[in-house]
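For reference, the structure is listed below as structure tokens.
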Amino acid sequence: MKKLINNPQNVVEEMVEGYVKAHPNHIKQLPENDRALVTNRTTKDGKVGVLIGGGSGHEPGFLGYVGDGMADGVAVGNIFASPSPDPILEVTKAIDKGAGVVYLYGNYAGDVMNFGMAAEMADLEEDIQVGMALATDDVASAPKEEKEKRRGIAGEFFIYKATGAAADFGYNLADVVRVARKANENTRSMGVGLSPCYLPQTGKPSFEIGEDEMEIGLGHHGEQGIEKGPIQSADAVADRLVNDILADIEINKGEKVAVLVNGLGATPRMDLYIVYRRVEQILSELGIEIYRSYVGDYITSLEMGGVSVTLMKLDEELEKTIDHPVDCPMFVQK
Amino acid sequence: MKKLINNPQNVVEEMVEGYVKAHPNHIKQLPENDRALVTNRTTKDGKVGVLIGGGSGHEPGFLGYVGDGMADGVAVGNIFASPSPDPILEVTKAIDKGAGVVYLYGNYAGDVMNFGMAAEMADLEEDIQVGMALATDDVASAPKEEKEKRRGIAGEFFIYKATGAAADFGYNLADVVRVARKANENTRSMGVGLSPCYLPQTGKPSFEIGEDEMEIGLGHHGEQGIEKGPIQSADAVADRLVNDILADIEINKGEKVAVLVNGLGATPRMDLYIVYRRVEQILSELGIEIYRSYVGDYITSLEMGGVSVTLMKLDEELEKTIDHPVDCPMFVQK
Amino acid sequence: MEFTAKDFRDYFKVIVDMIEEQKDYLCELDRKLGDGDHGVTMSIGWQAIGKKLDNELADEEDSAKLNITVGKTFLSAVGSSVGPLYATGFMRGAKAIKNKPVLHDSDLKDYWVAFGNGIQERGQAEVGDKTMIDTLIPFVDGLEKSFSESQNFLDAFNKAVVAGEKGMKSTKDIISKRGRSSRLGERSVGAQDPGATSAYLIISTFLEFVEQRIEKVS
Amino acid sequence: MEFTAKDFRDYFKVIVDMIEEQKDYLCELDRKLGDGDHGVTMSIGWQAIGKKLDNELADEEDSAKLNITVGKTFLSAVGSSVGPLYATGFMRGAKAIKNKPVLHDSDLKDYWVAFGNGIQERGQAEVGDKTMIDTLIPFVDGLEKSFSESQNFLDAFNKAVVAGEKGMKSTKDIISKRGRSSRLGERSVGAQDPGATSAYLIISTFLEFVEQRIEKVS
């Protein structure tokens, strides 16, 4: 393991410090808790607050997505570990504009418990209404019948995008939550891992994999996938990922999708665009219209090698949210 | 080496195909040459055309930077190899709006010859005025006395940014070239490599490096640096890079800079922000004002591990160019 | 048997050291089933507790308050899955011993029963899900049963730890139904659950702690 | 000696195969001094030429036109440093033999002299810079000198290739002053320049080619 860090104990603190220093016009740390970051711009009164969060190590997820048109604040956890209720609660208090706050996070035991505890406290102690929407986009993480067990991976990006826009449109809390859940309902992802990442504190690889192997369905903390096998061509990988997604959600000819080809950290853009090329071919052959595409590192796992593909099926409302402009430190859309 | 590709012979073609398919509102291939890409938006009449280019494998450099506010077109070479004069000439013809075209490229023997030949042809055969500005920002690549021998690395991003803005401001060719050269004059970079990249066709690492070693001053094609040594902390690396840069260019207290902390491909954002944190500390201590910061993968070397730091000293004119909005497929600034 | 806030402090300090020793082992277990960080998480949490023990809590004489701070500190420092779980354990334990300057056998029994049940309530896992509950529920059941028979804490705790150990080991052979590892299905069989292991270490360390204290005294 | 467009075509085909064989070796040399792609670049260029030879150029009877297309094809396919260099070589060579259906000894000498000098003009490198010029200029000088003495192309070319080989080997011991490797300074010493090597392979393959053709004929 080779990392450009100082003390492995301090990576999250130092990253957050660098991040806030790099983008002072965008973001600030709350004095109450240095893992609680909020936008440095004034948001509209009466706007529903959008709160995201999760473990560190997924950058640009999640702190990179705080800004105009996306999230108003983020609670930052340790590496691959949910934030505790403290920063979640502090962000909640800071971004509530009287219209309530929606929590967006991935379906992991830790996040469910910590965000759940924070929501209870916000309600009881602060009298702030909290709505929740969990990302469960990873089709490889549980069969369709147990969809509620699925974890959230790169599809979280689309959920943030849709929810941030809905909040900006002036929707009320119930409607923002409805859009967030619809975005999740309509989103499916699946990934493949080629090489592990290394937890800074242990220096150990997150998973073992042979020189010529890949792991299909890998989780974005290195959780084992559904199948380990010889490494395949980009086209074969794209076929597998897209087909598994399309077997899970019905998308008909003429319907529109947003596409995300997401790098896990160490995969060159070249490879991502080669994968995208095949994804586009498959969808075009099926007559599915690509409304907008995103190709790059959107939600990563430190220096993990691999890629995930996400499709979000669009209706008119989701189309509008996808078109909505965004200005975050790690993601800008005109 | 593990890559998500199909045939190693076709990586550039397939990447370009995927890229153009992913961003049809932004970019198109010219029918005359599939390595010649131009913006798909109409540019102002009388605007100086901005042409960038170089070898592939540096994505987002260079094709990612075609769009409003940056380049009007790009000539795409093979992996780590200058494009030939053909696509350069085709792009030149396509983007000339009667005010001439400026070529921006790194100072490599191949690029110098190919862009030079294309410029001659544009002049002789097409009667298009061509200006040129070379990037020579890498302080590690030659001593100060032989500055003209230095290669261009991540600083090219700032040169594109400044030049694209100047062209958008309506400057004439001479002024656009002046701004481009001033941007280069004011820009210094230096990098460090931790792990090699692999040429798709050979599968060989671009350089050899021990498990606990890093190479300071490494070129962004894996050209050997100035010093190989034990891997150091992020702070020590930042100190070394910034100090070598400041030894090369005088930046006084109260002067302003733009900062780029650039990942070479496989380095997590976490590490980049930890490096940024120290860069900011050093500059703050010296009373140098950070006008704007960029942290991320801006010019890479496939899956190489490592980071480079770039400073561009700003005057009023360069400040304005840095603030200018941009809308490219791989880089957007509001 | 008597147990005070000072004893809790000493016990918690032993855990701080124990976790440092077991850190790599716990990570190794989690690498097989989850994301490989359980040892790191426990270490972060207990290091934070260690600092508190030496500072704010250095003179705390109220066992309940001490446990509340320990729970909150752990939760703040780690978040994660085990943050809310163990934090709830310590806080429910605290509730069970509120306003008692000195704990006697039945208080200690109440503390540990509340500890285990609180964790189950928080995580909603069942025995057989392959979590720390597989250690904690047999442990709690054993403790209650043996204590109701003997009214002797040390004796009952001894038996309860044996039951917890058996529960911990049983996680090797079952398919996970909770937490990260639940996605592995069949592939989760063969590996011992990290949380079940850390829960066992916490209770067995308590047993060693009280046994050693008794030896010293006698 | 007589040499036609068909001979050029056959010679170029031998190079296509030779380059495939030497590809890894040339990359290996470039990994020490540059970016490790010289073999790949040469292969891309010569594969493109190979296709042309089998198609558009299959019946080309004009040696000059054939060389022009070879040069342009190489340049289009590779860009890079060697694209303009070798392309210029072939195009200047073509100019020297314009309108000659059959080349004789002095034409062949003119061709190779123009080839080498054209490359130098394009790249502006000097002998001692550690580039292909270290092969080509000794080769050109040797060719001119020996030919002016003997007026025998094969004999002169033989000596010229020996001079080129010596030049190529000399690149091992010098500090690079041109191209990517120039940034290495002292660290460039000890490695043979990849471009000097490919240039030597091109001329030595020509020698073998004509020698074998003579053997066959005789």
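Lettered A, B, C and D in written order, each chain numbered from 1.
Basically, a residue touches a chain if its C-beta (ideal position, glycine included) is under 8 Å from a C-beta of that chain, and two chains touch if they have at least 3 such contacts.
Given the structure is predicted, the values throughout are model-derived calculations rather than measurements.
Colleague: Give me the chains shared as neighbours by chain A and chain C.
Modeller: Under the touch definition, chain A and chain C have no mutual neighbours whatsoever.
Colleague: With contacts counted as C-beta pairs, which pair of chains has the highest total?
Modeller: A-B
Colleague: What is the distance, in whole Å, between the centres of chain B and chain C, each centre taken as the mean of its C-alpha atoms?
Modeller: Those two chain centres are 54 Å apart.
Colleague: Centroid from C-alpha atoms only, then distance chain C to chain D, rounded to Å. What do you get?
Modeller: Here chain C and chain D have centroids separated by 76 Å.
Colleague: What whole-number Å value describes the gap between the mean CA coordinates of chain A and chain B?
Modeller: About 29 Å, centre to centre.
Colleague: What parts of chain C, by residue number, touch at least two of the other chains?
Modeller: In chain C, nothing touches at least two other chains.
Colleague: So which stretches of chain A touch two or more other chains?
Modeller: Within chain A, no residue contacts more than one other chain.
Colleague: How are the chains arranged in terms of who touches whom: line, ring, star, complete or other?
Modeller: line
Colleague: Kindly provide every pair of chains that touch.
Modeller: Pairwise, the chains that meet the contact rule are A-B, A-C, B-D.
Colleague: Mind listing the chain A positions that touch chain B in their complex?
Modeller: Residues 2-6, 11, 14-19, 21-23, 56-57, 59-60, 64, 192, 194-195, 197, 211-212, 214, 231, 233-235, 237, 265-278, 280, 293, 295-297, 300, 302-303, 305-307, 325, 327, 330, 332-334 of chain A touch chain B in their complex.
Colleague: In their complex, what parts of chain C are in touch with chain A?
Modeller: 24, 27-28, 31, 34-37, 39-41, 43-44, 75-85, 122-123, 178-184, 187
Colleague: Given the complex with chain D, which residues does chain B contribute to the contact?
Modeller: Those residues of chain B that touch chain D are 55, 77-86, 108-110, 113-114, 117, 140-142, 149, 151, 199, 201-202, 204, 206-207, 219, 221-224.
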